[in-house]
Structure formats: C-alpha cells, structure tokens
Amino acid sequence: LATYEATWPEKFGIGRPADKSFIAKWDIDVRPDGKGLPKGEGNVKDGAVVYQNKCASCHGVNGYEGPEDKLVTDSTGRNTIGNYWPYATTIFDYVRRAMPFNAPGSLTDQEVYDITAYLLYLNGIIQEEYIITEKTLPAVEMPAKKRYILDDRRGGPEIR
Amino acid sequence: LATYEATWPEKFGIGRPADKSFIAKWDIDVRPDGKGLPKGEGNVKDGAVVYQNKCASCHGVNGYEGPEDKLVTDSTGRNTIGNYWPYATTIFDYVRRAMPFNAPGSLTDQEVYDITAYLLYLNGIIQEEYIITEKTLPAVEMPAKKRYILDDRRGGPEIR
Amino acid sequence: QHTSNQVIEPDFDSKIVVDPSKVQGAPSSEVGYRSKFDSPKRIATYETASRTPLEDLQGTITPSDLHFERHHAGIPEIDPSQHELLIHGLVEKPIRLKLSDLKKYPSVSRICFIECSGNFRYGKREMTPGEVCGLTSQSEWTGVLLSTVLRDLGVKPEAKWLLAEGADGALMARSVPLQEALTEAIIAYGQNGEAIRPQQGYPMRLVIPGFEGNTQIKWLRRIEVTDEPVMTREETSKYTEKVKDGNIRMFSLVMDARSIITYPAYPKKIEKGWQELRGIAWSGRGKVTKVLVSVNNGKTWQEAHLQGPVLEKAHTAFKFMWNWDGKPTRVLSKAIDETGYEQPTYNQLVEARESKGGYHFNPVVGWDVEKSGEVYLADIKDI
Amino acid sequence: QHTSNQVIEPDFDSKIVVDPSKVQGAPSSEVGYRSKFDSPKRIATYETASRTPLEDLQGTITPSDLHFERHHAGIPEIDPSQHELLIHGLVEKPIRLKLSDLKKYPSVSRICFIECSGNFRYGKREMTPGEVCGLTSQSEWTGVLLSTVLRDLGVKPEAKWLLAEGADGALMARSVPLQEALTEAIIAYGQNGEAIRPQQGYPMRLVIPGFEGNTQIKWLRRIEVTDEPVMTREETSKYTEKVKDGNIRMFSLVMDARSIITYPAYPKKIEKGWQELRGIAWSGRGKVTKVLVSVNNGKTWQEAHLQGPVLEKAHTAFKFMWNWDGKPTRVLSKAIDETGYEQPTYNQLVEARESKGGYHFNPVVGWDVEKSGEVYLADIKDI
C-alpha cells in the first residue's frame, strides 16, 4: 500500500463542501460538557405530561413497569438512568435521536427538555422544581459517574 | 497439514463397499480401446431409422442442418465427427450418456450401436454395409486422429 | 437456443426420486437459488436481532444473507441517490459524500469478522452454536480506508475521537478513538463481492476490524471528528460492563479471543470412531496463533490444526481429528491470540470481573457427548 | 418483543424519500435480501450458461447466486439422501459415499477461481466485462481432498488418470491426470460457507484449483481411477483447440494468466481527473505476481497495486491510480504469473496458434475512453 499511496495525488478533492447550515441540521449530538444542547428549558411538571402521553405505554406509568427498558430504579436492581448512567446529557441526546421507539425524531426540543427533567426527577437526581437548561443539564451529577473506568486492556495473558 | 495428517488413522474406513453389480450399473464409459463397450452390433440401415425418429429434429435430416451441432461435415468447415473427432468410441460413449438432449439415457444399447454406425457412414468413414461391434468400433480410424497433440505447456514466458 | 417439442420437465415439486441423469435439468437464471434440501436460516427470535447458524456453515465466509443482525430501530430502506455521508468537526474541510463519491477513492478489501459484544448466551443444555454465540459473522468487506478520506479533509491537531452516526431510526451513534480508527477502519460499501445488504448497512457502514460490532455504524450518514467522546447511550447505558470493585468498564472496544466447536454440537448425534472436530476461533487483537482442544473435559489439551491462510481479526477454522471411544465425555476449545491472550473459563471471568455475564463475556464453551452420541451444551460453571 | 399499538410502517414500495431516521425500519429475518437499489444479475442469455456481472462486483468473492453457470443438460435437482458417489477402478477397495460420509473426512477450505476455458467473447464495442469474460467466479470451497479419500481406498500402481462423472442429464464426464488431481483436487460440498448451490453442483463437485471449469465435474456421482483417459466428447469434440500446423491440442487443463479492467468499462462513463482503475487478475498456475497497466494504449506500462493477501490460483484485485486528462485514450491490463508467463495480446496468440479464438484464448483486453468519457471495448486486433 505504501508504494501505491505514493502514486496518489496530494488531495483527491472528492465530494462537495458541507456548509454550516447543512451541518447544523444533522449535528444532533449532545456532549457531557453541554456542547450540542439547544437553548431551552424544561421542567418536571410538563415532562410528566409528555411522558404519560408518549412514553408510559412502553416504559410504565412509573418508569419501571416496562415492558421495555426500566428508566427508573426499582427493587430489581436492573440498570437505569438513576443507578447506571454516568452523564445526564445522554438522556437528552438519546431521547431526541431515538425515542419514542415507534416515532423516532418526532419530539420537539421543548418536549425533550421537559422529559429529561422528568426522568431525572423520577430517579431522585433533581428536585421537582429544578429547571433543566443548556447550562444546568451538564452540571447535573449522576450517581453512577464515579464507577466508570476506561478499558485499559491491550491483550496479553491477563484476564480482566 | 503435514502435522495434522500425522494425527489421522491409517484408514478412515468411511462409506460402504461398492460391489460389482452396483459398479456395472453406473460404469458407462467407453474407452478408445473398446473397454466399456457392451456386446452388440449395429448397422447403418437401422441407424438411419433411429436417427430420423430421434435425432433429425435437432441435427437436421442430413446431420448438418442443425439447429444444434453439426454431426456431419458440410461446406462450412465447422467441427464434426468426420473432420474433428479423434476416436469413434466417443460417439457411442457420448450418445449413450447424453442424447437425445431432451431424453438423455433413453436409448437402448442396440439403438446406440445403430446410430453410431449411421453417423460414421454419413461422415464417409465406413461403408454402408460395415457392421459396428464391440470389436470393430475401436478399430475404426478417424480422420482427425493424427492432428491431436497433448498440451505440454507448463507456464513460463513462451506463448503457444 | 435449443429447439424441441418434447422437453421432459424435471419434477421440481415431487419427492419422487428419479435418476437425475435421465431428465433434462433446469435452465440458467439471473440469480441462483439454494437447494431445497439445504437452506440454512438465521435464528431470528427478536425483531431487532438474528443469529448466524454457525452449526450449518463451513469454511470461514458467512453468506451475506445469513450474516447476523443487530439493529436498534429496524432496517432502514435507503435510496443511495438520496443518501449522503457528512464528515465534519475538527477537519479543515467538512464534506458531503454520496455513495458514488466514496467509490472514487482508492479501495480496499478485507476479510474479517464482525461480532456483537453481547455475543454470549447460555442456560440450557439444548442450545446450538448459533444460539450460544451466533452474533458473529465474516465477510470480505470493500470500501475506502477512513484514513484515506480524512487525509483529504485535513484533520486538526486537537482531534482525538470521532462520532459515527447512522441514518436509522435510532440515529445509532458511537464514539471511537481517532488513532485506532485511522489505523484500519473502512467506510465500506461492499460485502462479499456485492453491495452491502440492507441488514448490514446499505449503502455504507463503518468496518473497524476487531472492534465490537456496535461501533461499526451501519447506514452511516455522519462522522464528526472531535476532541472528546460524546458518551452516547450506547457507550454508557449499554455496551459497558460491570467489573471488579463495583466499577463499570466503558470503551471496551476490541473483541477478545474466542472459539467454539461447531461440530459436534447440539443437536447433532455422533457415532463411535473417528471424527473431525471442527470450529472457528477469532481475536479482535490480531491473528489466532493456536487453538487448544480437549476431548477429556479439560484434563489434557492438544493443538488443533488451523486452516490457512490465517488472517488477522478473522474467523479461523480449526480442526481436530478425534477417535471417540463411545464413552461419555466433554469436548472443549480455547483460542490463543498473537498477544498471548488465552480464552478464559467462565469461572476465571467471574472471578476477575466479579460478574456473571454482560458484554465481552467470552468464556470457553464446550459440549457434553453422551453415551448415546447425543451432544449437549456443557454447563458453563463446570468448565 | 416490542409492544406498541401505533407502529409506523416504513413505506417499502413507494419512491417517496422519507428521512429514514424518522421511521422505524424493517424487522430481522431468517434470510437476508438485497437492496432494491442494487440487485446485480447474472447475464443469462443461454439456457445452459450465465455469466458473472464482473462490472457490478468488488473485492474477490463472487456471491454464490451470481457464480457463473455452464451446464450441458440443465441443473439437476438432487436429494442428497438419494445421491451417492461411487469411487472405483484401479483402487483396492471401491466404495460408495453419501454426502454425510464425505463430511466425515478431514475437511479443507480454499479460496480459488473457477473459469470456463471458453471464457472469451468479443466483436462489439458495446460489451461489458461480464459479457467479455464473465465465465469466471471465485468462492471459498470446502470439502475433502481427493488425495485423502484415495489414500483410504488404496490406489493401484498402474493408475494414471481418473474419470470424473456427474449425475446430470449429460452424465458429464472428464478424464484428469491422477498426479495433478492428487495434488490439489477437492471433492467439495461447501461454497462460501454454505452448501454448494444446485447451479454449482449440489450436493458435491470436483474443485481442481487452476483447472478449466469443465473438468471440475458438478453433481459428482462417479470417479473411476484408470490407466488411460476415456477420451470423452468433452475432451475431444469440445474443450480442445486448433493450434499451429493444423494440430488440435487436447488436455489443455490449466487456465493461463489473465486480467481484465472492470472499471472503467462499458457502459460506464467517466469524468476527467483522478480515478482508481480496478480489475481482477488470475492464473491457474499459481500466484499473480504482477499486473501491468497502460493508460496510453500500450506505449508505456506501469505496475498496478495488488490487493493482498494474494492467493494461489485466485482472482486477485488490482488497482491503479489514474489522472485522466480528458483526452481519448485506451486503457489495458496484462497479468504476469509466478512462472513468468505474461498474458499475450490477441495478435501474439493468433500468430502462435494460427487460430483466432477457441478455448484458452486469454488475450489482453482493454477499453477505449472517448473524449465524452464514454468507455467502449477496445478492438482486440488493434492491441
């Protein structure tokens, strides 16, 4: 390949430039530092309404009855936002991209903010009156965060 | 593989023995020296009748009108039994195994003998009264025989 | 081409056995088909997953239509003329690429496996190899190296990660360390000679040889070069595993060495005497260097024969010639890779991780051969 | 698994472009399918043959359902429980083997091409690579070495040839020198991981890497070990070629080195600028060591990049980076194999053989690139 690469031009110049507005349309990810969050604010009360309308059928009225993934910690010890998720921003990122399962991409940012607040509240992470914004969401400390470690295995005989 | 082979038994003993009668049923090939030919005799006159009934529709009334392979030499110079086939035994072998195209394996050995005689006659290789038997067929000299050479190329730069 | 007014049609529907040499067969066709006597099927018990029936296969290539599936929002139907791949973030020149653009770059082909890191099930004696670990398949993938495309765009010095995102209903997204992705990752459009199948990411997907399947984003529509991982749900809530001391391990990206005997295996029944024990072994860290087989429940281990060419990060077929004496026993296999890693037992894993399952759980598995010749999945806790 | 009373079904039939990320996709399935936007087809112009669409493929594996076909009495439908392989003649112990017996022997897998020795057509400018030489395909074949089976039977010292015979309506039969067959021939039952397709010889066939396709008897039902060749119709009337001095050459068994550029090729249209010229090269005598490419109608030749691993007797992908200046030109490729054989031109072949075609005709072919970017098959007599 090395010799083959030597025959390539410095640049192929394939494809067309992506401008800012095109990128903005697709650049949907939200990072732990809040990068990617739209301006906005969500509250628990409105979140409860959206949740009951659009989520409860699959995740249960209280968030742990299923039939799909438990979103709220219960006595079974199954992984939930409350006991397993390291970053609160991931709720916003994931719900916006993938939920509701049967109508992905259908929620407004407002709805996502409200639901995020509600799910954090249900998991006992924020108080009922706490307002979730692009500033406060990254600041929410998740209980499981401290348990996370990076995989540093690189092969070799050790079993870990 | 060498080391793998070293772990094999001397004999696997897989499969079941094939007895003579089973082999005889399938051992259909006929060799240039006549090995494989059943006892029998065929003549041109009977061959003509079988040919017209079972072959002419695909190979032509005279053996060269098609639409399928020409069996008899004509002015086009296309390959035929007469100008291209090195062994007469191959006619018996092939017709018995594969013809008629739409009813392979349907001819009796008697029919195959007769047709073989007829095709040799049509190609001017035997006389009308010559009788084809398991003894005479291998003895028939085919015009193209002397042109055949074995491929002795074994790679290397030479183009042949 | 052939004229005839008395064609004898072969009897395709009846089970009556005719001597096939006495009838004309079927004509040629634009697309081939399987024999009705051997039509393997994926094990499709969930709407969002199906498994390769490893026990029905031989060699190392997985037929594309039997490649395992795992998707999180179903298989999208994508018109390639409407699909674009956006590459942006910490690059000098963000671009949009269509499938036809991708094909203009220098291409590479590579035979390697893709395995889901959740590829282990147990709990019953009546389980086939495909049911135990059929979330792994192998193809010859063709595409362009990610490094070739990024070379054109100019990566900024602070770049350390990338986010890859699919066009499916889940907008499936994973963060991958840039350095590792630049070594081998392929933006693939070909699978076993043809276009990638919709189930595997048509029209384009990431292939990162040796990495866990979930990172090899299908229906790829966006790559953002970043300085930090996004911490998506699939790299936090899922695709992480509980390990020692209450820790949760994240970014376990490379698939550990593994093997499974695919013959003899449930539900096959064997007979006394010589048989070739067969299986596949693989490692996300390079070549499989050795497969050890035990035919006496782990008392002694012997080296199996590896079918060449042994490729990196590829399913490697192994074989072992065994003379079964008819007595009940257990057969096991264990893969060793070029880093010296040896596939662990369940008990070793449980001890090391203080966990009884989860992602990247790759224990030695084996089969109990009963006196009758029946073969059942061995109790994992007993190996 | 998933419950819902308001599933939004993807619209599989309409061409309306929805954002696939906004709908739920299709569920998993037992057998995969192709995208409706990319469904390559064989070129099936005769009832007894179909060609691999080389121009639609990438990499080196041919999808099994696109493997070329050539049969002489159609495709038989064979129930493996009723099928047997008889091996007899100059062996100590003639036997009958069922498919299940074959699978008991030590198995081998091997990636190699199978090519019909009649694989060359020309005469029009509007011909695709598949139309020119699509009677070649490549698979990973699995089976048992013929030598392994014959070792068990005991070959008598006077044995020099074998006759292999199919169970098809033609009882297709070919004589093969025993020594060469014992080196590499496989009695194969697997193709690309699964059972051999009916079109390629289900349930079993001979695979003799590098040999002309016709010798690799499909639907294999009989092998007779002999002291002399049988001189069947397929090794006399057909599969022989007229050469110098009025001679007819027989038992030209090994496929000579060859190559074809599959991109750019008719009916593609290209644009000025950089493109990767792609093709495949192969030789029945071993490895392809070099592929030379000319982008100036043969004035100068340059070495193409070969995609590794380069396997023996296997289609090898080659690539060449070309900056087309927009002027009309001709692109050509030429394979060189490990014996030092260099793929000849048409004129060299005609001179050497005093023949303008026939079996084993493997001339250099190429493509005329017009000013418009249209690409047409180059006049063979002019190369």
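The letters A, B, C and D name the chains in turn, as written, and every chain counts its residues from 1.
Simple rule for what comes next: a contact is a pair of C-beta atoms (placed from the backbone, for glycine too) under 8 Å apart; a residue touches a chain by one contact, two chains touch by 3 or more.
Note that the structure is a prediction, hence the values are computed from the model and not measured.
Chemist: Touching both chain A and chain D: give me those chains, sorted by label.
Modeler: Per touch definition, common to chain A and chain D: C.
Chemist: Give, as an integer number of Å, the spacing between the C-alpha centres of chain B and chain A.
Modeler: Taking the average C-alpha coordinate of chain A and of chain B, the gap between them is 75 Å.
Chemist: Taking each chain's centre as the mean position of its Cα atoms, how many Å separate chain C from chain D?
Modeler: Comparing mean C-alpha positions, chain D is 26 Å from chain C.
Chemist: Could you list which residues of chain A touch at least two other chains?
Modeler: Answer for chain A, listing residues that touch two or more other chains: 1, 4, 8, 12, 97, 101, 104-105.
Chemist: Quick check on chain D: which residues sit in contact with 2+ other chains?
Modeler: 2, 19, 21-24, 73, 104-106, 108, 169, 171, 221, 274, 319, 321
Chemist: Which two-chain combinations touch?
Modeler: Applying the touch criterion to every chain pair yields A-C, A-D, B-C, B-D, C-D.
Chemist: With touch defined as at the start, can you tell me which chain A residues reach chain C in the complex?
Modeler: Going by the criterion above, the answer is residues 1, 4-5, 8, 11-18, 22-23, 26-33, 36, 79, 81, 84-87, 89-90, 93-94, 97-98, 101, 104-105, 144, 147-151, 153-157, 159-160.
Chemist: Please output the residues of chain D touching chain B within their complex, sorted ascending.
Modeler: Checking each residue of chain D against chain B gives 72-73, 86-88, 93-98, 101, 104-106, 108, 152, 163, 165, 169-171, 173, 221-222, 224, 226, 228, 230-233, 236-237, 240, 243-244, 246-254, 285-286, 337, 339-342, 344, 348-349, 352-353.
Chemist: Any idea which chain C residues touch chain B in the complex?
Modeler: Going by the criterion above, the answer is residues 2-8, 19, 21-24, 274, 305, 319-321, 323.
Chemist: Within their complex, state which residues of chain B touch chain C.
Modeler: Contact set of chain B toward chain C: 1, 3-4, 7-9, 12, 57-58, 67-68, 97, 101-106.
Chemist: Taking the touch rule as given, give the residues of chain C at its contact with chain D in the complex, in rising order.
Modeler: Within the complex, chain C touches chain D at residues 1-2, 10, 12, 15, 17, 19-42, 44, 46-50, 56-67, 69, 71, 73-82, 104-109, 140-142, 166-169, 171, 189-190, 192-195, 197-200, 202-203, 219, 221, 274-276, 278, 307, 309, 311, 317, 319, 321.
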